[in-house]
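Next up: the structures, one after another.
After this come two complexes, each holding chain A, first together with chain B and then together with chain C.
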Partner chain A sequence: MIRLRPVLPVFFLMLFLCAAILSPALAKEADVAAPTPPTDKVFNAQTFTLDNGLQVVVVENRSIPVVTHMVWYRVGAADEPPGKSGIAHFLEHLMFKGQSYPGLGEIAPGEFSKIVRSLGGNDNAFTAQDYTAYFQTISSAHLETVMRMEAGRMRGLQLPREAVDSERLVILEERRQRIDNDPRAQFDEQLGEALFPNHPYGTPVIGWFHEMEQLSWEDATGFYQRYYAPNNAYLVVSGDVSVEDVRALAEKTYGLIPKGDVPERARTISPPFIARTSVKMTHPVVKEPVFQREYRAPSARQNAKDSLALQVLEEIMDGGSTSRLYKSLVVEKKIASSVSLSYISFAWDDATLAVGGTAMDGFTPEQVEAAIDDELRLLITGGVREQELKEAILRLQAQAIYARDSVAGPAMVVGYTLVTGSSLDDLETWPQQIETVTAKQVQDVAAKYLNPDAPTSTPFVNGYLYPPQTKAEEKAP
Partner chain B sequence: MIRLRPVLPVFFLMLFLCAAILSPALAKEADVAAPTPPTDKVFNAQTFTLDNGLQVVVVENRSIPVVTHMVWYRVGAADEPPGKSGIAHFLEHLMFKGQSYPGLGEIAPGEFSKIVRSLGGNDNAFTAQDYTAYFQTISSAHLETVMRMEAGRMRGLQLPREAVDSERLVILEERRQRIDNDPRAQFDEQLGEALFPNHPYGTPVIGWFHEMEQLSWEDATGFYQRYYAPNNAYLVVSGDVSVEDVRALAEKTYGLIPKGDVPERARTISPPFIARTSVKMTHPVVKEPVFQREYRAPSARQNAKDSLALQVLEEIMDGGSTSRLYKSLVVEKKIASSVSLSYISFAWDDATLAVGGTAMDGFTPEQVEAAIDDELRLLITGGVREQELKEAILRLQAQAIYARDSVAGPAMVVGYTLVTGSSLDDLETWPQQIETVTAKQVQDVAAKYLNPDAPTSTPFVNGYLYPPQTKAEEKAP
Partner chain C sequence: MRQSVRVIFALFAIVVAVNGVSAPAVAKDLKVETQAGKFIDIKEVRSPGGITAWLVEDHTVPVIAVEFGFLDAGGKQDPTDKQGLAQLASNMLDEGAGELDSQGFQGELENLSVRLRFSAGRDHFSGGFKTLSRNKARAFELLKLALTQPRFDSEPLGRMKIANQSRLKGSMTQPDWIATRIQNDRIFEGHPYGRNNGGTLSSLEGMTGDDLRGFMKRLGRNNLRVSVAGDITAEELGAILDEVFGALQESSIPEDRPTSLQSAGKVYLHVKDVPQTVIEMAQPGISRKDPDYHFAQVMNFILGSSGFGSRLTEEVREKRGLTYGIYSYFMDYEDVQVLHVSTSTATASVNEVIGLIRAEWARMTDTDISEKELSDAKSYLIGSLPLSMTSTDRIAGLMLSLQMDELPIDYLDERQKKIEQTTVADVRRVAQRVLKPELFTTVLVGKPESSKDAVLVERLPNVE
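Then we have the complex of A and B:
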């Protein structure tokens, strides 16, 4: 029987894990011993496109004889048909269930990762709203092997019907563990639903349980046939390899696959926000109450300039122990035990900016909210100091430069960037661009997107997560 | 040029208008001079089905020489494809834009209603989440003419492309007037959206403005071709006509149309409610604050028994000036200037039960909410008195009996009933069934569906509509 693999797709884990280490836009807490502000490109990535439309990006790094090889499909949960939530992620699991393609060999169900491991490498995959990615990190001597394997399942999936039933149990269990047994994840899911009415981002990547239970072989293979094609993907290779070598290998492997007829991305759009929605949840295992607000804000693709300013704003508000929110709520007021503001610029449609905190014993989430609102008002009315701005920009630039030094990091960042609609050039010149952000711009984006007193057309939702109430409190919230 | 007709579909208007006059389940304030509890059928409706699958229902009423002729299609806004909200209603408008069918004649664009009026009749149409209906009320001498006309557009719509652009302006204007210029309607729309995540009832029948703007000739004719067919419709004729006459006429007209290949109804389902959502809206033209809570409750189709008890509950809580909510909030506490509880049992999926009130000067919607919750708790813990139950049932039965006496009323009620999945027998024996509802059942459904203190899995959302705030109040809600 097929061994149940923890393919663990899962965006949440992977994105935050990798992002915290690698992504310039997301990393926190980096050392600020400032490098010289960069003038050259971040990755010196090289790119070419095969005749079948597959864009290939290579980031050379010869420090160790290892490569990371990734394929990013421009399809994710937000491209699913209605009623089939979870199919993008389910398919990602099923992509390990056997393949055969002329000239690219065959792999039996469940063997893919075993082969990678037998060659000393590791592999995984993850699914998000806008993309699905597969990768291997392996000795550069075996790059051709994994390229052949990955290319082989781009159009050559041979999915046994029985694999679908057994793997469905895996994704359902995954949902139980990651969402349904985790009040914080449930809470985030509810906030996302409220923040994105009539838009697919409101549906969780992993899917709604009752819809996941019904996902079929036909759903998976139909989705695969529609979206998996070289002209709907990016190939990113980083590490110990030259662009010439990758070109030769890509032509021998991915080059065998014809262009597909991929439908244009067509997503529904949310109606204007004319009311303020809030979500309150009480859960028996919650110990400390949490306040979380989620805003819709422009992604890098939608508005590169405002997105850069939001990245600086994020660093000023939540860039470690000297950041504004931490200093105010945790150190000075002692209202919150933790606080965060996070903005993920990588989205095809609207990005999400989340701000929130966990209340200290004796405080309510409403008090955390009020303290956060005070900091936002201070930012909007008072702006940021030049020194504060400069330090935040330097910390961000430092993170970008350190990102060069890993093998997998560049492939990850290049992938996020391209697959969510920004360009390689945007990425390469990011340190110079972030340096152009002014104090005025930071203040302006705060006023434009984060104003807690704005008319309700500013799209945000408020969330309050409470521990179980004592009898005496029962009528309070 | 085509004259822009106020086709005014609109469910809201029609349903409430007709329902208030006619529907046993919805009517209020009827005289309670009790008729003998009925033992015979309400309408003595007769029914037969044509070979093409069209079910026909006839309610004879010879009091005046007039008939109401209605066609109910089992398709509505909740059957629309994603991103095409409003297409069911838009098509309803476009159904007046020209037709031609072999054996059933031709009608030029815009002529349909003129012909009806020239014969001394009137006609209209309306669209709801679960159905679309067209009707004429006319001298019984002209029944054949309107049957031929209505049958002729069942498969014979000849929609000119230019009609789509001009009529789109009409529906957009309709949305502006009925929703976007009416804070109460906007508020209801927001509540509906929050109450039905991942279910099409969360999308307004009229559509989202930005999607309505994009609706095309292809969208309208595609929807029409897919759903308009005799086997996806009910024909209801009430008034001065015999079942034999209707059968002969139906065979000559609707009988010419072949059965269609109609897709099965497939709607997405909401995930479980695990958090409590509330919606707050402030609007410059609102004078008095409003509290409104909307629950999901079983429809008659889903749970006939609980639905009957909810109908009695509605009558007890809001059946005129002696009802519980009015007496408590308006007369005694003087917290609210008006209050209501309404339950519409006619739905294919979950029904909505709404309870709310408008605050008196000096009171907040939160105080109205608290007073309503007190009444609900009283009902749940204390139940209802036998006398109260008996009177409510008698009032409901009286309304059913009076409903017989109109011409259009029976056609309307028969249509609602069948098209939302209940049977003619359910309708005919409704007065006997409602009589079986016990005090215990009313108390039980209150506890099961309306408990304000229940765990969040009881699906409801709270709404608060505020007048513009004075400067001093600005930070309050």
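Then we have the complex of A and C:
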């Protein structure tokens, strides 16, 4: 089998790192979750909170003497001041440019990753709309060292002015490589911009080129001072370590940092969609026409119940090559060479649900759209069969078992969950919660959020990407 | 994201310090060789029917991962007018088998959450399989069906051809893919490696069920290698090996066709109206079986494979901000070895970046590395081995990579020792032996300002 999926929108630029995308529910903060019977929980994670407000989560896995150590800051591109797009991601780069903090040592600019390498570890970092995360995967013998290093830059960044100038060139090259050299990425960026008017999710994580060029040392350090603090972060450690060991190490390192005064998250809200919005783009190098629609849908934090139903809906519509969309558009009607529906519940504000496909030779994006709409109407009017529902739920639950067969994977999922406002308990009991979703709920969320015939109450944007000229009659060479 | 993710690990495999300790056979006719290791315990299991597999038993999570490969069954065996055949076969093996048509087979895989994929390399053909323990009985039957009774029905065949053609059309919009395509065509000229392993629009169009049935003759029990990790015992595995793979016939393995890189010293340009130019450079590499291979790994870690801290990243990205990523890496094929450099930079700085790469080649051959560079490289290369073993499928995959290169079960033990013993002088000597900047074949995709010496490539080779 080969399944071609359209590239994810640029807001989700980072999610490809997620080994298995599990999704949580409900918006409540859990300071302490005492895990009991291991068989019922996905990861059997342990958690505690330091006096300075840093919540720590540990997922033990002794298969191999390796740990993944991650710090997730609850700040991302959607928290940037107007006109400073890209500053959250730029700061992420600059966090490797030198640090010093009392009791946690000093690291010269550019040395952070080299030290991790010299200990046999790998490190990296990523930025998304709602969060910024830093991580190392390394032999468990070196956990204390990387905790000291990571804690040392939580409040101890010593950013040289000249580092800002050379690194600004790097992020501009990154933008050229990821977006400006790639018509599909440009198209996705435009779609996202249209989907979130008056909301920061409409601005790409990497930033707009003209604003990135102007980002300064003051912008970066100001953003850092405002948002980087233990009470605005989560520490997640998974692998060959116990919760007791992590607690002792965390108190010695992160425990040295005082609580910060972090502003409340305040974001503007998108107005209702009144007109139908479309993005049409023609590009000389594109060979095949694409249809892509993006909806705003509730995230797990906003509406746990509907989010769970949307996750089951996603599995029924696009859970493999026997799922509804692939079977109908690619196998039977042969209108599209690929099709996908993806819903990522991890968002602080609205989640994005994307549905689309690549048109077969001789078909137009509009025909792909019509076929997708037929499937959505069928779902809304006819609902789903009990058997279909049961199978989808079983497949989702299997993902939770596979997710445990990894060191970094559990840390990623725990991080996504907490940093987008759901609780550890939501994650741990996800298989049981997903089992409660009914056929009626799936049908209801389809009608409520995805109805193609109610465009004014349902915020969505249709995107059409065309080759230079549509020559339906022209055969592939 | 701060650093583009490259597969550093794909190029040097993993783990397992091994001390030979034989265990008694656990069942009649089943032979199990146990190696007590520092990180992990690999057993060699020989089934009653005579099929061998490497096994790492781990009951932590109720899953079983099987990685298997068929030596020399990859794209290099595709006929010239059927390039992409192995690739198409890799897409078709799970599209219906035995009594089950495409939807029936895929439906069973999905509902049992069996993960099954096949892939076609230039040299080898391989597969990966993962199942929940509770579904293993039917899951292994499905794997057997895929390998022994694939149907190759016309409906999924047409669909997979189109999916591959569609992927190809998508790739044609990607400057880095275009650069790699041109590079393979030029450096492997005259050898099957130079063809498009993924097929061309027209070669895919012409493929039939008979072509695929012909392909199946490449998959034999003599060229089969199997690695298994997870929730399974040696005894159980012995029986499963016979059940799943026992029906395979012998296959004939083609002769090696050793070759050397072509187009040395040439620069090729494909003009594309993009703001950033992709630069792909290649020169001869070194074989994994070469006694200097591990020294070359240490040298390349310092030169360009390590991302942050490598000389190329320091000079081109950290000091000057000229790129988001620059890497050098070895590729070791059966018939030829390559050392690649990949990067991209704004149109105006192409010549500067190429000059910096050449300067680093010269520095590595003309001067000694520092003791600190050496010790940092060694501790990474030795200490990071377990990082590639963080799931059952990764463990099985690493073991398989050793088997596919026909390396001994204790190879990595030897590797660790050789890396530990590397000296500054070894690195200098190997740098002088391997680094040959005059042999670079350079491909540019973009619209660099001063590239008048470049040979223009207008039409992409082996795409349409």
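As a convention for this text, the second predicted complex is superposed on the first by the 432 of 477 C-alpha atoms of A that agree within 3 Å, B and C clash if a C-alpha of one lies under 4 Å from a C-alpha of the other, contacts with A are read in each partner's own complex, and residues count from 1 in each chain.
Methods note: a contact is a pair of C-beta atoms (placed from the backbone, for glycine too) under 8 Å apart; a residue touches a chain by one contact, two chains touch by 3 or more.
Nothing here was measured: the structure is a model prediction, and the numbers come from that model.
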Touch check for A:161: first (chain B), second (chain C), both, or neither?
-> neither
Winner on chain A touched-residue count between chain B and chain C: chain C
Check whether A:440 is in contact with chain B, with chain C, with both or with neither, and answer first, second, both or neither.
-> neither
First, second, both or neither for A:330, with chain B first and chain C second | second
Using the touch definition from the top, say if A:385 reaches chain B (first), chain C (second), both or neither.
-> neither
Pick one for A:198: touches chain B only (first), chain C only (second), both, or neither.
-> first
Which residues of chain C touch chain A in their complex?
-> 1-5, 8, 39-40, 58, 60-63, 65, 91, 94-95, 102-103, 106-107, 109-111, 113, 115, 117, 130, 132, 155, 159-160, 162-167, 169-170, 172-175, 201-202, 205, 230, 272-276, 278, 306-309, 314, 317-325, 344-346, 375-376, 379-380, 382-387, 389-393, 464
Give every residue of chain A touching chain C within the complex, in rising order.
-> 1-4, 13-14, 17, 61-66, 89, 92-93, 96, 110, 113-114, 117-122, 124-127, 137-139, 165-174, 176-177, 180-184, 239, 284-288, 319-323, 327, 330-331, 334, 337-338, 358, 360, 391, 394-395, 398-399, 401-402, 404-409, 476-477
Within the complex, which stretch of chain B touches chain A?
-> 82-83, 85, 186-187, 190, 193-194, 197-198, 202-203, 208-211, 266-269, 271, 274-282, 453, 456, 463, 474
